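Two complexes follow with subunit A in common, the first pairing it with subunit B and the second with subunit C.
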Partner chain A sequence: MRLPDSIEKLRQRLFGDTVRTFAWTSLLLLILLAVAPAKHYFADWRVYQRGYQQLISKRSDAVTLRRHFEPGIQQIWLPEIGVVDRCTTCHTGLKEASLADVSKQPYRHHPDMPHKAEEFGCTVCHRGQGAATSVEDAHRATDAWDEPLLPAKYLESSCGQCHQQDLKGTPQLNLGRKMLTQYGCIHCHTVKRPDGTVVAATDDPPSLEHIADKTSREWIYAWLKDPQAYSTTATMPNFKLKDEDARDISAFLMASSTPGPDAGSKVVPAVLEQAKKLKGDATLQTKAASLYGQSFCASCHAVQNAAGNLVGGDIGPELTKVGSKVKPEWLQAWVRNPHQYDPGTAMPRYRFTEQEVGLLTGFLMNKADADLLANVHLDAATPEQIEHGKRLVSDSGCAACHEVNGVKRPENFAPELTKVGSKPVAQLAFAPGVKHTLYDYLDAKIKQPHAFGAGLKMPQYTFTATQVDALVNALLSHNERALAMPAAKTVPALPESHYEAAGSAGKLIRDLNCFSCHMINGRGGEMAPELTSEGSSVQRDWLAQFLRNPNTLRPALIRRMPKFNLTDAEINTLTDYIMTVYQSPKVDRDSMPLTGYPAGQVELGKQLYYSKYGCQGCHIIDTKQDKGYVGPSLTHVGSRLTAAWVYNWMKDPQALRAGTQEPKRDMSDDDARALTAYLMSLKGHDAMEAKK
Partner chain B sequence: MSVRVSKYFDALTETRAWRSVFRGGSGSSTLHRSMAIQQNIFLHLLSTKVRKRMISLNTTWYLGTLTLGTFGILVITGILLMLYYHPSAPQAYADTKDLQFVVSSGQFLRNLHRWSAHAMVFLVFAHMFRVFYRGAYRAPREFNWVIGVVLLLLTLLLSYTGYLLPWDQLAYWAITVGSNIASAVPVVGDRVRFLMLGGHFVNANALLRFYVLHCMVLPIAALFFVAIHFWRIRKDGGLYAHQKDAASVSNCDSGRPQL
Partner chain C sequence: MKKPIACILTFLALAFSAGCARHDQNGFTALKPTAYGAAIVESSGGKQSAAVGTTLHDPLVVQVNDEQGAAVAGAPVMLQGPTGVQFEPVAGLTDSSGQFTSNVTLGVAPGRYQLVASTTTKAGKSVELKSEAIALGYQEMLGSRLNDQYCARCHNQDSTPERVSNYDNLAVNPHLFTEGDTLNKMSDADLASIIAHGGPALNKSPLMPPYGYTLSKSEMQALVGYIRVVADPPYGAPGIVYAQK
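And then the complex of A and B:
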């Protein structure tokens, strides 16, 4: 064999004769091949397992730990949920409670977890690449793997893959889900749960069909430019409209508005007159303010106080600057009967006198901010502007939330988000400066949607950092894994209740919007007590009295129930209905008498109350001595609750009202009966007076 | 030392067992030496007699032999990889991951297969350039050049079909693009694409089809054509030497068919 001369010379200089050349090149090849077994020996997981053995060898419980330790690649294999997790290969001390003092990863002990790793694996919650046995591949995103480990702040999203109901341990996820339904996200984006049900909106964006009745074009313009300038709690996002776009949209909305069903007909000049008088009359103002307070408007509506803090509930809109928004003619009609303008409103119809309507209208019209509309000067709209405004309304998707005359509600206006939590990073268009992970993308998209391109329609929300994190959590929980999860492993969402009360009482319940605050048969709000079993628990007389003049039952809570000024006939209808229909199958109201318990039993009950069971820790009977502020006051309990309810409550409170704080004491039948006898003897001062 | 070794070797070749396997017999006569080539199924494809100069590096740079070498590595590593691989979606991807993360030296095996495949494509091209620019394709070797072109196509097809098997995004989209190119053929394009993929999209059918092509059809076809290729080297007058050295070339190159 002859090589080119130069190479031949080099070969001779390096190796000498042919045999040596062969020997040396063979040796070189062998060394090169040795790279493979070397990489094998120094693989990450072997290094960590050797490290673990070293770590435990110095400990006092080395024998036990060594017995638990299994060398070699470990894996949790759960084919039905697509899990091949080899994390425990390196995370060897995961289940060793005695390693609580070790803070070095990967040997740390896993904190208490609600599920067994053997049943769910690791990546179902933490993400990352379960099959990998090297640090980089297992934890981080690589060219061949999209899903890096989830940061701790997004971990709750994983609970949401299976748990469609709120959990105690996942406040962020719960908040995020609530925001998803509350801030209008799902008016544009469809989101389906794994069981196929569509997540429904809980907000109620107002119809704009009769907007001209309600407010002025100037206010619409100011609101469109910056909704949060009018009310910091406004859920409407900022669309970052140009001046002329806001001008044209407001022109179109005013032009397209038709007179509402109550326009004009219900305007009472005397009421308006009284409202106007309020401005210069301090006495009337005080009267109006106390009416506002007595009607418990603040249970639902917030108003900014002098210190700038919002005071009041969040069921209705904030009223700080309402006088700059609404027209007095509209407001007086609304206060008289809100259902006429908006049949779906959550606001109850109070039975105000015309004088009270006038007082409240004037009181609210005084809540104005002169600066709000000071700089808004709009010329009369031209037909071109109105036409342009209509195009903008339809292009910006306004009709996805609001009813607008002449513009149809768009279907699938924005991308569906059912699988957004597992969207491949390769399919995302990132804004400059955003890290290339799914959660960073979602975070940035919510925080600054306009950074992703000028033509995008997603509006700007004003969320706090916590709120954004919560929303990202909720979005991440909607992913492919959640959809593929076997039904046996999931907790489906509670079915949405469309319960309606029947008959004339039902009409009354709708008129008063009881569901805005009270939950009945799965439908309704959570602000006030659930009423599903109210008929079994309370006495009829007390209920009628309460509806006539509501008062708080719990000393630690402020009263929220408004006085609706119901007529006796209305109270009768409502009371009859509640006492007949809202009964618990677990309690027979008439199985125990309300009075007539032997004095001995009552005395025994009193002793049990104060000594054996220590009820005074939470409840008040003797207003001078007892200091219990947790549970309801029991001074009148004998004239409020039924004996059967009290007895069953003593035996098992959670069975009657799931989630109540009242502890289950496992008391004997005799004890329960004695306590019932004692409590039923507490008729309260008023009742005693009546007896005399 | 070498004398003593060769003495033992000579004794070995005289044994009956040896003789029953190697029919050519031993001996250093020209007849024996040519018999040793002719009587061996693998060697008889090659020229019985080759000039020493023809097998020097300068003549061919061994490009054809190196190609055969990479092919050999690919067959061996390929068979080992087949032990761990299921051609089914999505198991194929998980198996690829397992090779990387759990199989002892699995990553080494995969890399060896992959780099050898790249090397083979490179070597095939280098071989063909060398043959082309040296004019070795001319009579009487025209047909062997054609065989060579077929082998080039087979190599490229092996490389292409192997690309899909890891079943990752890169593979998926590469094959999607590749099959779309095929559909650009006039008239029959879409049918060709359907035939390739066993459907309208890259899916489990396509994976199975590419697996069968990659591990069975194409390698067997390649072996078949390699055999013809080597056999034709012998029949077309042995390895080609450049025209510049024509004077020193044996009359084998005269263009007459050889036995």
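And then the complex of A and C:
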């Protein structure tokens, strides 16, 4: 092939003779050889280290900073936990507190953290390629990189690798873990902690063995189609069932249901009569509404108000449309004694009179939504439909959460998630449009499970963006690194408390389900005060009076202790048990007298209360003058608390109730004693009237 | 014999242009507005704070109005923010009530983020609305949590039935943490001192109790960090310092 003339001329000039050829090739070789040292000189980390030196040279503390700076590749090597991190090669200012104002990376000062980088390295928390020395390799590199840097919103997941207990500084992780146990995830997916314990569910999906007693087939159909249409707070996810599938499942559930232990036996016609009467009787309605209010049903159950906002607690199900769901015969039996239908329920057994049962049944049956079932018309089920429904129930894994007659609870229904946080990206099947990282996969899988394939069984949850982020955090924390972490570096989960109170009082405590709201010896809810040390804290007479008629100490609260209508004998049993068993090892109830403090000490205490310690900012004693709404009212604290408890509380409230808002003061013994004397002199109105 | 070279050149040119053709679609150009407004105002979602890299709890809602102040449906809205901020969606048309709603995810740098919402008028002019969000770093998040637990009952006026604010009940009203005019003038050491030793430490109200025996030193520092980041006007600078990349 002949080259064009001009190029031919150039070739002649450059490579015309041997000397020229030799000269040009030598030059070329030289340039090529120079690439290596140049690459070395312009390596990312050298550029950054030079930049850092420039940055600190202009600062007032340049000398100190320069002394701390170590040039060359830096490495944190921790063979025990598999860390080889060279991040500090470029992130040179991590430990320099004086660089707090520098926002330019990679020089920014690392915020205060509970661990030292020398002990844990960087990638344990941040992921990324620790051994890399270029920006691209260390942080991101390509798609499908197994260890990309974790985005900030998922950082808390790394704390969860070692800390199996909730931490104060990881709200997202705590929420995610709670959701994992609360939304039924682990009924299908097994999740094991590094110590081998299995994460246990905290929700209690209802048994469907006697479902026909409770509700209608039409309601089951509507619920299966869209649980959130019945209640926006429903935790059951949407399985996106076809009409005929929902029809057949509802047919099977009704057909397989057996009569419950209370079916028919406890139906009181008069009660149902009264419930029916309520519909047209305004006086009865008001009476029922006030009974609902007095019983503090709203402490656990929410109802949507006219503005569409949910008002009430979330321990029990939402009751906005309950009248469209349950049968009145079932409801009246439930209101009378919920334990009979569901022995594991969180609802207490109120001691309602038959008239009250009727009122509440009628009141709740009135909470109906006519539109909910208006378009549901189901023909009588055929045996084929029932058979198909049964197959669907076992295929969809309904029995993983609910007890269903004739269908066994499936084992390992869904993949185990013990190592989900380190699953190689190559093993994941991504939906179109999802970025190829593990966390984007988890996020998309929770948000849009059906985008990953039509046949997938994972149901559609209705979570907010924050909830999904929290859940991804919790999932990412279950990974290989967590499993390989040496035991000395980990904080295992608190063993689950199965505490039960003994004897007849224990029976009462179970009957009233005190654990639903109160924590005792590590078991129970957090809505109400912990009772583990209640016997050291309160006086017996007050406790008995409170159980008879619970008046809240904090007038502003909506959620309050309900009145259970206990008998005197029951109150005695409970009071005796609490006063004897639930004592604090830190407070000796009898070490200080309840009365008889000298007037001078009381007066001194009063002055300290109002001037030096400013207690009126948070507490009310004089209802006309004081306005503090933060702490409990102290108008009759002298007849409520024991003097020893008050004194110890003055000395260190956090020691008696961790996390309480009241701060510890540097209070002298004399001050604490005087304040105790003053507070113990406040016996309440009854006592004052008696004096007059 | 120039043909092969020409062929190669054409191929290269084609490959080059094909490589360049793949650029991010700007949602704005794809919009087909049916109406235009004259002004854009914020309905809700401004001045929120959240941890860095997370989505704000409430979406940002802006409204497009015409000259008379009536809401305009079908008007174009586009959102912009500093590097790292993501909007879902980033642009769109206002709904039937004239509003446009977008979820905002903050960037990874702690600090203030200026969010700009803009719409086009009939004349093709762009009208802007500036809103703000605060990204809390680890330190500030810690402070924010402590604020919820110990401070907010008195130092915040927001009242809910479950948590009634104690602000108005106090003989001397406490400073809201957003009161930059006052709090910005106090040094970190003074703030930490009041937290640790109570109001009387700086001759202030004794109703502010000391937290020095309850909180650790780093917890108090975190609180100061939180107070600084929520201050309005912002702390530490004439003019606002926005988070940079």
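Going forward, the second predicted complex is superposed on the first by the 643 of 692 C-alpha atoms of A that agree within 3 Å, B and C clash if a C-alpha of one lies under 4 Å from a C-alpha of the other, contacts with A are read in each partner's own complex, and residues count from 1 in each chain.
FYI, contacts are C-beta pairs under 8 Å (C-beta built on N, C-alpha and C of every residue); 3 or more make two chains touch, one makes a residue touch a chain.
The shown structure was predicted, so the numbers you read here are calculated from the model rather than taken from an experiment.
Chemist: Let me test your reading of the model: by the given contact rule, A:P171 touches which partner, first (subunit B), second (subunit C), both or neither?
Modeler: Second partner only.
Chemist: Determine, for the superposed model, which of the two partners subunit B and subunit C contacts more residues of subunit A.
Modeler: Touched residues of subunit A are more numerous for C.
Chemist: If you stack the two complexes on chain A, which partner ends up touching A:A307: first (subunit B), second (subunit C), both, or neither?
Modeler: Touch partners of A:A307: none, neither subunit B nor subunit C.
Chemist: Now for A:A426: first (subunit B), second (subunit C), both, or neither, which partner does it touch?
Modeler: Touch partner of A:A426: subunit B, not subunit C.
Chemist: Kindly classify A:A282 by the partners it touches after superposition: subunit B alone (first), subunit C alone (second), both, or neither?
Modeler: neither
Chemist: Touch check for A:P111: first (subunit B), second (subunit C), both, or neither?
Modeler: A:P111: touches subunit C, not subunit B.
Chemist: First (subunit B), second (subunit C), both or neither: which does A:G659 touch?
Modeler: Second partner only, subunit C.
Chemist: Determine, under the contact definition given at the top, whether A:A599 touches first (subunit B), second (subunit C), both, or neither.
Modeler: It touches nothing on subunit B or subunit C.
Chemist: A:A200 contacts which: subunit B (first), subunit C (second), both, neither?
Modeler: neither
Chemist: Considering each complex separately, which residues of subunit A are in contact with subunit B in the first and with subunit C in the second?
Modeler: Overlap of subunit B and subunit C footprints on subunit A: residues 1-2.
Chemist: For the complex, which residues does subunit B have touching subunit A?
Modeler: 55-58, 94, 97-98, 100-102, 104-105, 107-108, 168-169
Chemist: Going by the contact rule set out above, which residues of subunit C touch subunit A in the complex?
Modeler: Per the stated touch rule, the residues are 1, 51-55, 57, 103, 108-109, 111, 137-139, 141-142, 145, 149-150, 153-154, 161-162, 164, 166, 169-170, 199, 205-211, 213-215, 218, 221-222, 243-244.
Chemist: Help me check something: in the complex, which residues belonging to subunit A touch subunit B?
Modeler: Against subunit B, subunit A makes touches at 1-4, 35-37, 39-40, 73, 84, 86, 129, 131-134, 137, 144, 424, 426.
Chemist: Which bits of subunit A are touching subunit C when the two form their complex?
Modeler: Counting only subunit A, the residues touching subunit C are 1-2, 103-104, 111-113, 151-153, 168-169, 171-172, 465-466, 469, 556-559, 611-614, 616-618, 627-630, 652, 654, 659, 661-666.
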